[in-house]
Amino acid sequence: MIKELEKVELSNPVLIEGLPGLGLVGKIAIRHLVRQLKAQKFAYIYSPHFPYFVLVSKKGNVRLLRGTFYFWKNRNGKSDLILFTGDSQAQTIEGQYEISDYILKFAKQHDVKMIITIGGYRMEAKEKPKVIAAATNRDLLNKTLKTGAEISPTGSPIVGTAGLILGLSHFKRIDALCLLGETRGYLPDPKSARSVLEVLQSLLDFNANLAGLDEEIAKADKMVTRLQKIEEKRALEAEETRKEEDKKVTYIS
Amino acid sequence: MIKELEKVELSNPVLIEGLPGLGLVGKIAIRHLVRQLKAQKFAYIYSPHFPYFVLVSKKGNVRLLRGTFYFWKNRNGKSDLILFTGDSQAQTIEGQYEISDYILKFAKQHDVKMIITIGGYRMEAKEKPKVIAAATNRDLLNKTLKTGAEISPTGSPIVGTAGLILGLSHFKRIDALCLLGETRGYLPDPKSARSVLEVLQSLLDFNANLAGLDEEIAKADKMVTRLQKIEEKRALEAEETRKEEDKKVTYIS
Amino acid sequence: MIKELEKVELSNPVLIEGLPGLGLVGKIAIRHLVRQLKAQKFAYIYSPHFPYFVLVSKKGNVRLLRGTFYFWKNRNGKSDLILFTGDSQAQTIEGQYEISDYILKFAKQHDVKMIITIGGYRMEAKEKPKVIAAATNRDLLNKTLKTGAEISPTGSPIVGTAGLILGLSHFKRIDALCLLGETRGYLPDPKSARSVLEVLQSLLDFNANLAGLDEEIAKADKMVTRLQKIEEKRALEAEETRKEEDKKVTYIS
Amino acid sequence: MIKELEKVELSNPVLIEGLPGLGLVGKIAIRHLVRQLKAQKFAYIYSPHFPYFVLVSKKGNVRLLRGTFYFWKNRNGKSDLILFTGDSQAQTIEGQYEISDYILKFAKQHDVKMIITIGGYRMEAKEKPKVIAAATNRDLLNKTLKTGAEISPTGSPIVGTAGLILGLSHFKRIDALCLLGETRGYLPDPKSARSVLEVLQSLLDFNANLAGLDEEIAKADKMVTRLQKIEEKRALEAEETRKEEDKKVTYIS
């Protein structure tokens, strides 16, 4: 299930997880960190609970759906990072629990003391998306709230791997924090990922050049504008049609 | 799967189960008992068959979905109580059987001789909801009918954990009784839970101050009234629209 | 999974299976045999692949969904019978294979040399429903065709336990025959069950007083007639409405 | 799960897989090879993940759904062939992984060094359907592209057993190639299968008389033409109806 490509010694590592989900916030955030920090692959997770297809990768090669662990050595003596993302969430309830459990086992083996999971929070954001936080440890949560994140409302559910890891981390005695970026959720949302990364950077004290996300944000904004125009036009036409029909009816009655 | 928080010695305990279901009757009843009797948590059930999300609890903390066992020491020398409720029913067929089996095993370990399960029965109640009873033991059923409960019609199904526990209790040689409160089922129904608790109190001879439920009942009644008004208004408008359209058509033909 | 109530010595037994399915043909046939022959329960199958509810049985008692084996001692020295029916088919693919496998194991333990499965075949029957046969053994099939059954068309699927038992019987070296009665399938069809029982009686040479089914057939016929009248009335009204609307339109154009 | 009918010694065998899928391309291709090469059955795969029905085969006999392995001895001293096809894909995610795994294990046991999987690729083909290729090995892919196949676009998914075998082959150290024939996918498409077989023949250097497929292709073409005419007629009538309605409306307003 887990295939390690390389044995790596890490110093006081923090694991950050972000699988595809609402607005792809988690996946975009991790992908950006991997690129900016030039993190290196060192393990894969495979599972029969991922969807049953393979992807054609570059040059006609083929690969199973999987999750990938990357590591990054922090030269400034602070915590090293383990970054985790993948192609897909597990497709069954049992699979969701199983994958979360595998990630936690892997973390335990590498002596991880803290896990941070990233996801999206369905909410129309005003200008700058907020970051909502929940944690298994009071001090960790308080520290996070000082970076500008807001506390998650009581009773709010956190769906999928980002949530289950927090729920299960207790059994492995690993502290865990969940950061959710506000997002409408139906389109990739790099702006929300940027908000989450800002909180992450304040917390963990590393620099991942978030300006690198701005181009992606501009593209996503254009896409939203385009879709809004299409929608407005459609609404206008529907209105026209309605008026035409009203007119006909008025003639009659 | 089952995590015991505390070893507890109980005297001749009766286990009462109420998970979320129709009208939330079971969950409301158990929650009320826990509060009124000041029962104490002593074990959790976790399962990969519960839905794959976690809940944010008070102060931004997070927890897995779970079932919780509480105990209450009966000072009057009668049976102690074990109370069980939780966040959710299991989401798969196998999960339903598994959870029921875990509850029964736990009961057996604590030398429980009788289990009572609580649920809702879909039926428009006249004024005061009736309580429908079924049991694995004739004497137990007769005793229950004397408290004002009515016998369940033959062939009627009892869905979910409340039913399966009765079906499976036979294999553990534990007597089991199911109490279903009449409810429309689509809204939380504390009035139905109150009816069930009255039967329970007569049976087991304890006092859980049911008046404490009256405020909740008043709130639920208001909610029903409000929804009925909305529905009436909607029906009226639909009728108006229909008349308008009829008029137009009449002009034509 | 299998609970034997009684150890029984059977002589050269044939097992006949009929679970609920199209037109309930299999279940009606077995139920009639059990009643007429006064066959006796001797084992249950329980499974977490049956639906997750229990049934209230007579006098407020409760039971799990299950399959039941009955036996009948044939005084005339011919084969004894094991009859199997139940509340429900398994609800999952794996469950379907598992239940069929359990039935075959049970048959093997009791030294069964032949299994006959009963089901429905979706086909508007002319007057008297035909019986369609398929078998794992050529001689058995030919013998069956001589009793008036017809051979199943090549490529035709047999869904559920009635089919899987035939497919899996090969691995247990037990001959198996499937008898499907023509039925529209959406209502209980005792007439189709009667046709199947006639073939069964010729094959196995016992007498189960099929006249006992005639009352049930008369009831089912009445039900069909009533539903047809409702349908005709509905069609007529739809036609009227259509004409009315046509008239309006004609006025206009 | 796997039942071997015969022990066979094969020389340097290549396994070619084609289960039912888009346009039945894989199944038609394998079926044609089996017939033309007079390949012989030597093993079955059974699984509780196949659909839960059986098929009536010739003469009223019955069989489980299954996959079948055939072998063909290549007299010209080149690679022998193992051909695999079946009645159905597995119906669950886990089943898909399991079946692919079984095929790979079987291949490993028979010392297969290369597997070729066949499927359909949803694309309106111009005249002659193209063949899209992906592979786990660069040389193998290049060799395939020289026979006229085209490289699969990056990021494109390959669904089902044809894809998973490539994804999983890595763990068994077997090279694997996937050939997908362009097809609209909703009807059996022997023309697409022919294109794939041409690539296969160039690659493996055997002769399977593809002209034998032409009759089947003609039939499929006729079917397509007939369906197109039905569709055109339907579209025309819809247009007529629309015009009639427009006329009516024009009179009114």
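In order of appearance the chains are A, B, C and D, and numbering begins at 1 in each one.
We take it that contacts are C-beta pairs under 8 Å (C-beta built on N, C-alpha and C of every residue); 3 or more make two chains touch, one makes a residue touch a chain.
Everything numeric in this text was worked out from a predicted model, so none of it was measured.
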Worksheet item: Count of steps on the shortest touching-chain route from chain B to chain D?
Response: 2
Worksheet item: Given a C-alpha superposition of chain A onto chain C, how large is the rotation in degrees, taken in steps of 5?
Response: 180
Worksheet, complete the sentence: Across the interface between the identical copies chain C and chain D, with over half of residue numbers shared counting as same and under half as different, the residues used are different
Worksheet, complete the sentence: So, in whole Å, the Cα centroid of chain A is separated from that of chain C by 52
Fill in: Centre-of-Cα separation between chain C and chain B, whole angstrom
37
Worksheet entry | Overlap residues in chain C, where contacts from two or more other chains coincide | 252
Discussion item. Quick check of your reading of the touch definition: is the inter-chain graph here a line, ring, star, complete or other?
Written reply: ring
Discussion item. I'd like to see which chains touch which, written out pair by pair.
Written reply: A-B, A-D, B-C, C-D
Worksheet item: For the complex, which residues does chain C have touching chain D?
Response: 93-94, 96-98, 133-136, 138, 141, 151-160, 163-164, 166-168, 176, 178, 249, 252-253
Discussion item. Considering only the defined contacts, which chain A positions touch chain D in the complex?
Written reply: 48-65, 91-92, 95, 247-248, 251-252
